[in-house]
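Every chain is named by a letter (A, B, C, D, E and F) in the order it is written, and numbering of its residues begins at 1.
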Amino acid sequence: MHERIAIYPGTFDPVTYGHIDVLKRASKLFDKIIISVGESSSKSSLFTVDQRIKMLSQAVSDIKNAEVDSFSGLLVDYAKKKKASAVIRGLRAVSDFEYEFQMALTNQTLEPDVETVFLTPSQNYSFISSSLVKEIAKNGGDVSYFVPKIAEKMLKEKFGSNH
Amino acid sequence: MHERIAIYPGTFDPVTYGHIDVLKRASKLFDKIIISVGESSSKSSLFTVDQRIKMLSQAVSDIKNAEVDSFSGLLVDYAKKKKASAVIRGLRAVSDFEYEFQMALTNQTLEPDVETVFLTPSQNYSFISSSLVKEIAKNGGDVSYFVPKIAEKMLKEKFGSNH
Amino acid sequence: MHERIAIYPGTFDPVTYGHIDVLKRASKLFDKIIISVGESSSKSSLFTVDQRIKMLSQAVSDIKNAEVDSFSGLLVDYAKKKKASAVIRGLRAVSDFEYEFQMALTNQTLEPDVETVFLTPSQNYSFISSSLVKEIAKNGGDVSYFVPKIAEKMLKEKFGSNH
Amino acid sequence: MHERIAIYPGTFDPVTYGHIDVLKRASKLFDKIIISVGESSSKSSLFTVDQRIKMLSQAVSDIKNAEVDSFSGLLVDYAKKKKASAVIRGLRAVSDFEYEFQMALTNQTLEPDVETVFLTPSQNYSFISSSLVKEIAKNGGDVSYFVPKIAEKMLKEKFGSNH
Amino acid sequence: MHERIAIYPGTFDPVTYGHIDVLKRASKLFDKIIISVGESSSKSSLFTVDQRIKMLSQAVSDIKNAEVDSFSGLLVDYAKKKKASAVIRGLRAVSDFEYEFQMALTNQTLEPDVETVFLTPSQNYSFISSSLVKEIAKNGGDVSYFVPKIAEKMLKEKFGSNH
Amino acid sequence: MHERIAIYPGTFDPVTYGHIDVLKRASKLFDKIIISVGESSSKSSLFTVDQRIKMLSQAVSDIKNAEVDSFSGLLVDYAKKKKASAVIRGLRAVSDFEYEFQMALTNQTLEPDVETVFLTPSQNYSFISSSLVKEIAKNGGDVSYFVPKIAEKMLKEKFGSNH
């Protein structure tokens, strides 16, 4: 039995309890999970890549086999470089599924050795989205139900001047 | 690292290339996969459980870490008994997803230690359904694109008298 | 302001915490809610209409403005007879939505004075389905997370001989 | 330019204004449309194949290039025998789409020369379903908004004894 | 019986017959409906908030218990301030449903006393979208089927110079 | 029998094997297909309209009854000017379907004489999207599975400086 490595890629802008729930589930199925911030140039993010890495590092510090990283370029190339056999994706809703399905089939074509593995977060977290969290934080709402302490703190710093 | 076992449950009435594709993908992620025929009393099947076990055994004989079995009762109880940490499900379409999602959340509630893992078959197999295969076979159509040789043979034996 | 009455129709075979959650939400929006068991001849049910009325009566006894009833025939005819201005439906998933949408538009055509009102249960209950509950109970699983005490008891009486 | 023939297959149990709308649209795109009742053995129908042919013949008599027929066996075999280059399907909703998509891909594999062509009925008819129509007629409701006169008459004959 | 108030929030850029149909339905279920323009800073709109309030005021002047307003900040905070027990949302399609479901569950978490109520517009209006209306108006198409007179007039003023 | 003309409109930024597959299917059903680049001002494209026309012209040169063009303004106006009786759309997924359905119903209202005809690409191409292709090309991935030679070449010229 060789070491089984999986990548859990995402934007994590910010990380939510939904992401952490998916990560915990994945951490039981693989020997190592690399949770990795995608440095997409096209999507404008609230937090910098470095801020998101910092946020993730604190939020997942109790998951022993999780490692925080970032990547640019094609996900399948990154997965191969990291010797990962799987990419983890959380599925919350039908619209997630459609896009994810398309991505998974595209990645299968580009790199048959990397499998896409879908997990569903607990029903308590299945409706949380980073976009809604940002919208709530921006308007001074309480985000403590949705995101870990460190993300709440960093959101307050960003939007603090509004209140 | 302990041995990682997953259950791949289903009706397999009959087994299709879609099922085998999902099994192959799962077999790379886990140490052992138990592909297991559900003895559901409510669904009327074309093949008996024994016939389906025979069919599966031949169809997956080249996947070294796959084992064929059957089960009755609750899937989560069976998974625990087999010391499986995961249940594998193939996702082909949105309607699959909805039902599967509901099942996964129900099973999470009943048994938090068994994770549901979704995999997508290759696009070549994503549209194959056992029901359509039976319909085609019943009407004398060619099912060799959809099912392995043994299933094709057994379908011919069932419906042979019609042609 | 006249009294506002709504019908909450369903099969309730058995009633679940999801149904009760929807009923509680509706009870705050209307003056009276009639939760009503549809005597559909086509669908085979586990419990008789009388058993389901008994089950509902106990399960919803603390919701003061809820009344339990049963009906046969067209829902819109029943709603008019009861002077209801609305029909309540719980929406859990996309597949629910499609069928419900079709029903709502058909009922709009048959009877423009009765409005269909959709409510979403809390995320804790959004995945519960009566069919899965029956499947679990039949196989001796614990249904106490999904249904009220009275339903659990009545399910045990039905399936008791299996265990 | 050779003659372009399309098959419009269905159960038509009973025919609705939605079917007729799709047929009219198709009749402008092809030289001949064969609207054809599928003699499926598995689905239990309210009307016999002969009754459905009679109903369709009257209901579509004003569409000059439409022809009524019935078929058994595989749709693609029937289409080839009739020299049809296309199969027409009406799309009303997402759940239609999924099943239809699966069927279309299966038929593409079985017979690449027969194309599946999807049309959407007018919004006025997009929510009508034969099952709901039967349910309404059975309960004495008014189906004149949903089905042509001949279907209304034949439904009344079927369910007349109930009222 | 206390007064029942509902908020019908939206962008209304411009208001369509679909919105007005939903509002009319809601106006029969509640004592007062506040139709309220969301002052979202992130979404770029064609009309200013003031223009949209003016447009709405004229378009809904015949609905006696409707009041036009605008809001910024969190919808649930606004609903509480207005003593509303419900938020009205129109559901047209599956993609609407997914996003709305997510929003409704998020708002439930933030404020359990405000219920989200979904209504479906008549089939005649279920396909109308403000974005398509703007696209049509921009290209000189006839929008009189989709929007009330005042919206048509204001669209012509915006895009008049193009034709 | 008069000449039957269909428009196949799109962004084609870039053209993929999925588009070409849909075009080939359509070319068997109609006498002439005009594949036409929409000059949408709102969507920012990678290639200019002229580059996309050049790309399409080469990619579809072997389809004898296909003609390449571009258009601005309303699609239904363009279709009428070209004496087209149909607009061709490829359907790949549920999310496609929803938007397309809305568009088709809107266009039916604006111009009842132009029918929207949906075709499904082969399963080999059903997951390809122009956006993912651009993402892959930008990151130096191999797009030869997804797009014709000319598109591959032009993508390399665009992104060449990155590698």
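What we mean here is this: a contact is a pair of C-beta atoms (placed from the backbone, for glycine too) under 8 Å apart; a residue touches a chain by one contact, two chains touch by 3 or more.
As the structure is a prediction and not an experimental result, all values here were calculated from the model.
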Smallest number of contact steps required from chain A to reach chain D: 2
Chains contacting each of chain C and chain E, listed by label: A, D
D-E against A-F, pair bridged by the larger set of C-beta contacts: A-F
Reference chain A; chain at largest CA-centroid distance: D
Rounded Å distance, chain C centre to chain F centre (Cα mean): 47
Whole-Å separation of chain centres (CA-atom averages), chain B against chain F: 38
Where chain D touches two or more other chains at once, by residue number: 94-95, 98, 101, 105, 109, 123, 126-127
Every chain pair in contact, whichever chains are involved: A-B, A-C, A-E, A-F, B-C, B-D, B-F, C-D, C-E, D-E, D-F, E-F
Complex interface listing, chain F residues touching chain D: 1, 3-4, 25, 28-29, 31, 85-86, 91, 94, 97-98, 101, 104-105, 108, 115-120, 122-123, 126
Interface residues, chain E side, partner chain F - complex: 93-95, 127-129, 132, 136, 139-142, 145-146
Chain E partner contacts - residues on chain F that touch it in the complex: 72-74, 76-77, 94-95, 98-99, 101-103, 105-106, 109-110
Contact footprint of chain B on chain F as seen in their complex: 94, 123-124, 126-127
